[in-house]
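Quick one: the structure is below, questions incoming.
Chains: A, B, C and D, in written order; residue numbering restarts at 1 for each.
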Amino acid sequence: MTNKKILNGEKVIVKIGSRNIGGTNPPIFIAGPCSVESKEQIHEAAFALKEIGVDVLRGGVFKPRTSPYAFQGLGIQGLEYLKEAGEATGLPIVTELMDEGHMEIVGEYADIIQIGSRNMFNYSLLKAIGGLKQPILLKRGMCATIEEWMMAAEYIALHGNKNIILCERGIRSYDTYTRNTLDLAAVPIMQKETGLPIIVDPSHGTGIKELIEPMSKAALACGADGLMIEVHPDPSCALSDGHQSLNFEEYRKIREQL
Amino acid sequence: MTNKKILNGEKVIVKIGSRNIGGTNPPIFIAGPCSVESKEQIHEAAFALKEIGVDVLRGGVFKPRTSPYAFQGLGIQGLEYLKEAGEATGLPIVTELMDEGHMEIVGEYADIIQIGSRNMFNYSLLKAIGGLKQPILLKRGMCATIEEWMMAAEYIALHGNKNIILCERGIRSYDTYTRNTLDLAAVPIMQKETGLPIIVDPSHGTGIKELIEPMSKAALACGADGLMIEVHPDPSCALSDGHQSLNFEEYRKIREQL
Amino acid sequence: MTNKKILNGEKVIVKIGSRNIGGTNPPIFIAGPCSVESKEQIHEAAFALKEIGVDVLRGGVFKPRTSPYAFQGLGIQGLEYLKEAGEATGLPIVTELMDEGHMEIVGEYADIIQIGSRNMFNYSLLKAIGGLKQPILLKRGMCATIEEWMMAAEYIALHGNKNIILCERGIRSYDTYTRNTLDLAAVPIMQKETGLPIIVDPSHGTGIKELIEPMSKAALACGADGLMIEVHPDPSCALSDGHQSLNFEEYRKIREQL
Amino acid sequence: MTNKKILNGEKVIVKIGSRNIGGTNPPIFIAGPCSVESKEQIHEAAFALKEIGVDVLRGGVFKPRTSPYAFQGLGIQGLEYLKEAGEATGLPIVTELMDEGHMEIVGEYADIIQIGSRNMFNYSLLKAIGGLKQPILLKRGMCATIEEWMMAAEYIALHGNKNIILCERGIRSYDTYTRNTLDLAAVPIMQKETGLPIIVDPSHGTGIKELIEPMSKAALACGADGLMIEVHPDPSCALSDGHQSLNFEEYRKIREQL
């Protein structure tokens, strides 16, 4: 039933700063805290991660949280902190866009714009961001089929932007041991079907710190074009997702093995 | 883990025109085509359904479709047709809102505003519609847990609007015989947990015409506050969801038995 | 892909004692404890349930438990207690068979032989019980598709026994609020596809006492040929499934409403 | 809730012929056709695979098939062909046991005894095989949780046999692109939780030939103790699972890269 006119399997190479992602290019490493929590926190993370060797700094400022009473992110203030941290270290930054109302400012600040799992089916937003020129990091919806995910990317491409990096972050299954079921078969499938680069997020994909290393190795072994991992200066104090975040030393050890 | 400060189980009665929904009030019947396709089609549907005895006319004008190449709805033109059909018959109308950009006009035209399955996790939209005064029809996300669905309603309530009608429309499971797995246990659960009225959509919940009658009976038997069913003047020519739509005669027979 | 040569949709009426099940016959009520725990417990249950108006007494004696360290049932001793309780009250009895080694003795004692969810895919056992003359109560596997369930019944029929009563008991989904997701659409589907009677088990299907009444009503409303409900003299002391068992008074109230 | 008294995480090393599996030992390679179809077919496979470098020859002789009308395997005749092929090449053999009735003969012929996905919940069979001395290959049930799978292994161990090799073969999810969703996170989880070796079956885990290579690499990268892959002399003529089987040349290429 698929009808992909644009993302039809021909290789798409996405440029991030001086790096190329996709095809035979080496994998890209994205890391940072789940949420930007303060100027100090994101600057500390940026410098530590730069030194360890990451390519892109991540940090959420608009946070889609299950409960309306949970921390919702620092918003535009957080975006400024993130931008400054990126500029201070020379790292490109990626952050999530949740609605069109913030598209202009996020489009101005961010080097890569993330569409999170909860918005993969938000077709209005997908159409709108087709008008941006930055690369889009399109996470898989938590119950999106391969077909639906491909077509979500096609929405963006059809509206003008082929610079899409896919991100497998686990799908929902009946099992509760892990937070999600990381579907690594999606890596070679999506590469072949769409031609787009695809990275893997083992932090959300498992929700368990100890699984990040083996799943990162597995992701690269089956051809992933990069990894996005949550790293926080002090995971035990994180305002969101602390249980699945690595500290700098833990991340450094994994990074060295990859 | 739930922390519902507003929708805490105390009964919420929602008014639709002269009707009250929820609590011990009789069930409400919503019917109409998946999409508004033309002025003639929606007028024909409105008059036929009025005569059969529906309480609210449904019709989609902004359609969230898996493929960007599929029919995307008539948009504002369709909204006008739907409004006229509602006024001509005296039927309140319900239609889906997909983005904030259309909130003003949809808020002006529609008597009930639907948030579809694909946007249940779109927290920006949930916050925004909290500012509307109309009742909101909040469909369950296709893989939303009971907890997540409750909290999505809480987002709307916290931002100002407690007039929420929930709608169970089936969840995603491993089985492929039906389009979705209709989770009727959600009816008494959500009533007790939130206090809100809840209706059932057996059209999307099964995707099979022949199952609409037995599942409608089951839904009312376990306490559903209403039913939303897709009815089209000529299902075989429908631009979307024709295979699960009833024609007028089929709907009339079911309506008479309920 | 289905190829049902025997259970092809033609109505099958199953006889249990003086009762007929299936087609237009009234629903059958099966109740009893999850496990036979003692002679006193099952006799007390049998007399109380007989008085309330059940048609068949259930009780497990071979228990398939997730942990090998959990109570595994009283075995043949339990079977004798169950048989005596059935004879003392005149109630037919149903119990689960887990392996061929017990087929002869269970076949001698039980009026209906249950194949539980965990053994629906145990094709050796399905073939073997085809040689029994008693009615078989075939529960749906916890992740069995409609197709697989139909074919499991076909295995039994092909090996000689068409007296099959299906039992929908909930399937596994991503949601954790209920123990299983009760798939009531399976009721009309399986009746039409196989012609067999089908009953519903809301106790396992929800795992929540308070949901048994609404789900029982829903099951009968969509055409179920009966209900199987866990009832225990003192649920708080039950050796298995106490949290989802009703006591006699709770069951009586539900029974009166159905 | 887990209560593992025996398989508590302490490393278990399983011996297969002259090989040790588990812990820091190199991965083991198991290959062969889904079904033993003839003497010629299994001998041809055995010699070709021996030459390519497999460690164990697989072949099904009792086949659990969804339809009772599908090929059910050659039975004991097939077991003899398999045994002869193993002896002719010096390869240990693994085959599935479906019921206790065949336990003696399968126990006599096979070097490793497989419990398939459909029987992981067949506790009677698990208890019985605890009495065998051979290594048991315990596949994950198609909807088994991590907890349930651990406890299935514990059943075998408690009844006398700790020589268990686990096998991840994909779980059932809502997605239909692949036959199953290969849950590679189960590899490090089960190793840590039980101490047992675990291999991966990418043939059933994906159902797609082209995914066997990347998923095999991923499995070994995250620490799998081996791989089981379906290889058939002529997949297009296979009596079962031909679409997911490799021919010898395809397998040789993958084997060389691992």
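The rule we apply is simple: a contact is a pair of C-beta atoms (placed from the backbone, for glycine too) under 8 Å apart; a residue touches a chain by one contact, two chains touch by 3 or more.
Since we're looking at a predicted model, the values are computed, not measured.
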TODO: Consider the two chain pairs A-D and B-D; indicate the one with the greater count of contacting C-beta pairs.
DONE: A-D
Task: Copies chain C and chain B - interface residue numbers shared by over half, same or different - done: same
TODO: Between chain B and chain D, tell me the centre distance in angstrom, where each centre is the average of that chain's C-alpha atoms.
DONE: 48
TODO: Starting from the mean Cα coordinates of chain A and chain D, work out the distance between those two points in Å.
DONE: 36
Open item on the list: Among all residues of chain A, which ones touch two or more of the remaining chains?
Closed with: 143, 147, 172-174, 176
Task: Contact footprint of chain D on chain B as seen in their complex - done: 143, 172-174, 176
Open item on the list: So in the complex, the part of chain A that touches chain D is made up of which residues?
Closed with: 143, 145-147, 171-178, 181-185, 187-189, 192, 205-206, 210-211, 214-215, 217-223
- [ ] Quick one: which bits of chain D touch chain C in the complex? Just the residue numbers, please.
- [x] 3, 5, 62, 64-69, 98-101, 117-119, 121-125, 127, 142-143, 147-148, 151, 154-155, 158-159, 172
